[in-house]
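You will see two complexes here that share chain A, one where it goes with chain B and one where it goes with chain C.
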Partner chain A sequence: MSEITVEKLSYFHGKDTPYEIKALDGIDLKIQKGMITGLIGHTGSGKSTLVQMFNGILRPHEGKVLLDGEDIWKRPKDIRKIRFRVGLVMQYPEYQLFEETIYKDIAYGPKNMGLSESEIDERVREAAEFAGLEPDLLEKSPFDLSGGQKRRAAIAGIIAMRPELLILDEPAAGLDPRGRDSIFQNIAEYQKKSGSTVLIVSHSMEDMARYCERLIVMSGGKIMLEGNCREVFSHADLLESVGLDIPQITKLTMMLRERGIELDSSVYTVEEAFEKIIKLYS
Partner chain B sequence: MKGISFGQYYPARSPLHSLDPRVKIILTLLYIVCSFLCKNVLSYALLLLSALLLVALGRIPLRIVLRGLRGVLFVLAFTALLNVFWTSGEVLLFEWKFIKIYLEGIYSAVFIMIRIAALIIGTGMLMTYTTTPIALTNAIEDLLSPLKKLHVPVHTFAMMMTIALRFIPTLTEETDRIMTAQKARGADFSSGGLIARAKALIPVLIPLFVSAFNRAGDLATAMECRCYHGGEGRTRMNVRHMRFVDVIPLFLIVAFGAALIVFNILAIGYTL
Partner chain C sequence: MAEPFIKIENLSYTYEEEDANASPVLKELSLRIEKGEFVAVLGHNGSGKSTLAKLINMILLPTSGKIFVKGKDITIENMRDEELLELRKTVGMVFQNPDNQLVATVVEDDVAFGPENLGVPSRKIRERVDRVLRDVGMLEYAKHEPHRLSGGQKQRIAIAGVLAMLPECIIFDESTAMLDPLGRRDVMSAIEKLNREQGITVIMITHYMEEAAVADRIVVLDDGKMILDGTPSFVFEHEDRLRECGLAIPQGTELIHKLRRAGISLEGECVTLEDCADLIERSLENKGN
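== the complex of A and B ==
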């Protein structure tokens, strides 16, 4: 099991031009291994830039990205190997599908790794299952699939590389509520079964509260808060000040508490609230 | 890929920038004609001077204009060399085995270099450096509008050009995104031979084409929803009116051309 640590990481968009913007500002961070971490931040807070540092798509201008304690840019020529170990699913990944069949598209990553035919076959089928794709879809063209299925195919394309760390940038953006839930459930299941480390980027507090054990909140290119849901959501005012929010149900239970109803304030999902309210009145 | 500026447009406030783009297109054509009227030292000197004058009028740093010449440096050097070695004349300067260099060769090499450089600087200053691509397209549409009488779909072509120009930055961004996504799956765009590199681009080009077609379809629908039905009865939001100052340059360039013709007929200027 490997882990990612970053030290004093800074990055500028449009470096050395009049339009230079500091996207990341001296970030120190450690991604806890073997669990799902959520990276939350408002648009432009630098979260997408940060995750593109983790697999060496972007090269830091200052500071280091360490994988298992080793600087990933130590040998720039070997950066491809890092990308196989740290899998990044970009935003709207369905636009990257290009092969004639879903099977071939999922096989693109493993093929680039230089694996054997049988190894690739095994990984493709395994990844498709993790991503929730039915086996009969594998022989179809990407263009015959629905939006949600394409998204799953693209996620499978990364899982098939068996990355030690899986990063998903807004995996549920633009999907309907059922599609959202089911994608997140697939990711949670994948994490449980493979035991790998997963980092999800999102700005949906509800989803994050439900699926993540740890949360990292970014604002203005810096880490603002870090901790488990209870710790992070206890700073409701701070979150609101940077255009974020706590889950609606948490807000509701807080209001109920203020009115003297004996409810626990650490309620993050509707199901939890339901159980606690039922208990209160039975 | 980010930060690629499209075209050469250099934003500034100058007489050339504010000149009517339609006039600038006509000036460019006439300027090209003038450059071919040059036949003697005096004419070429004037041509070079006029190019520099245009740079001054456009208020663009000479450094940037010269940088634009860098791309054609090889062509310039090559044509100059060809002229030096292959022009025969009367005054032999140098002879060694089969190589003969004549004074006329040197002259024609210098002339051809001045002509190409002046053409590139002059047309660049008149059009691409000082006119936005959209203004240029509109101007072309206006100038070609008489062809509408012959049922040539001028407006359609102009609209196609405008749309193409508009989507260049969008497609650049898209390419960037897809390349990043494929890099995350281990794509390697920067090593291997020519064929390997071309093959590595397939995973970028296919999604790019697909999204470009989708975008085109969406745009067509969006335009139809706003009742776009081609050029008939369509008016512009900002209509340019020709001012008197816009006409002056036309007189100047015609005078310039006339002077060049007079030089040629009377053989004024140092002729070879």
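== the complex of A and C ==
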């Protein structure tokens, strides 16, 4: 289990061109070990740039990314090894499947790590299970799978490298409600069983509230808020002002408070709201 | 009864692949949509929603069954080009990915692309482009480069591009799925405005229940068949049926249902968060009396 820290991190898109934009602006941040953290921010807030820094796809222009206290760019030639330790599942990863079978696709990462056949086999099966893929799908071609299954296969491909930090960028985008729930539940179970550190980027405040222990909010290339759900969602106005949202159910409890109903507004799931409101009737 | 704007009769569609026993994606579906309606189409991934949209937009031809737009059969093969063009103008479509729909390097050129191809005189195009950009709240971006805009802005440009064809109906195929909350809000309010103020018929495919809640009517597809059809209030009453087919209901509505099951008396509609707050407030007051 390892820890990612960034120090005074800055990055510019189109550096040294007339279009230069500061995408990350002197960020200091620590991703807490062994839990699920959610990263939220509007389009262009810098969150995708930040996660691409974590596994060395982008190199900082200023500042450092530290993995277990060590600068990941200390030996640039070894940056590939960082990508085995920090796994990044990009948006719509199902478009990146390329092998003949799902098995081979999941095995691609471990194979590149130079593992033995038996070790690869063990990892492919374990990762498929974590990602919620039925074993009989492994020998199928990606073309024969549904969108949701392909998404799971792509996630399994990263999990198979047993990354110490797993980053998922919008893992449930485009899925129906059941598909969303089931992918998030699989991620939560994976986190619990493996004890690894997980970072999820999502626009769905309801999902973030339900599955993340900590939240980081970005805006304008900076960290705007950081804390648990209670701390972050208590800044509803601030979140709305930067184009974000709070969970629907939290909005409802705030509306009830405004109408003079005595209710603690730190409510993020329907179950919590139910427990609190039912008490008002007793 | 007057001819509906869109009439779908016993529509079936099977994607033809090597696999000869591929099962149909749509099964004998019948549906009528009136002019000016705002219809949300819900269904899990693979339920046939997008196939339906593509059939109405004539991207696909049905395996069997008919679709009539303004009384005209759009499923005949070998349709004359002029007729096809006329129908495509009548029913426009906005897709999911904002990056796949813009063709020009300047916003106003992109919006002008459709009318230019129709041979609309350039003075008229100018007027039209300005008007539709204003309609979606993007006029100030007329000279901008599309690729530098946010997802929500790009989608509004895509909508403007469709509007410039003067459609009577627009189909939105999960057009907010890739957007952040602000982008979703902006696109949703643009869609609502087109329907409420200009009377454009809207068919909106979505996975977001809060978005479906603003429609006049919700149609739920499961396994290629229509299983529910009615107002949002009516459809959301069927929580168990919706869950069975992989869907959900808005969080506020879910809470009200849960409270009702626990024996709390909450009478009335519970579609929007305001509705839900009203119900809870009123029932707490009654309890005090």
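We take it that the second predicted complex is superposed on the first by the 280 of 282 C-alpha atoms of A that agree within 3 Å, B and C clash if a C-alpha of one lies under 4 Å from a C-alpha of the other, contacts with A are read in each partner's own complex, and residues count from 1 in each chain.
Throughout what follows, contacts are C-beta pairs under 8 Å (C-beta built on N, C-alpha and C of every residue); 3 or more make two chains touch, one makes a residue touch a chain.
On a predicted model such as this, the values are computed, not experimentally measured, just so you know.
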With both structures placed on chain A, which of the two partners, chain B or chain C, ends up touching more residues of chain A? C
Name the contact category of A:88: first (chain B only), second (chain C only), both, or neither. first
Per the contact definition in the header, classify A:270: touching chain B only (first), chain C only (second), both, or neither. second
Is A:96 in contact with chain B, with chain C, with both, or with neither (first, second, both, neither)? first
When the two structures are overlaid on chain A, which partner does A:245 contact: first (chain B), second (chain C), both, or neither? second
Where on chain B is chain A touching in the complex? 2-3, 174, 177-178, 180-188, 202-203, 206-207, 210-211
List the residues on chain C that touch chain A in their complex, please. 43-46, 96, 150-152, 174, 177-184, 207, 209-210, 243, 246-248, 250-252, 254-255, 258-259, 262, 264, 273-274, 276-277, 280-281, 284, 287
Parts of chain A lying in touch with chain B, wherever the complex brings them together: 14, 17, 52, 55, 57, 80, 83-84, 87-90, 93, 95-98, 108-109, 112-113, 143, 157-158, 161
Touching chain C in the complex: which residues of chain A? 41-44, 146-148, 173-179, 203, 205-206, 243-245, 247-249, 251-252, 255-256, 259, 261, 270, 273-274, 277-278, 280-281
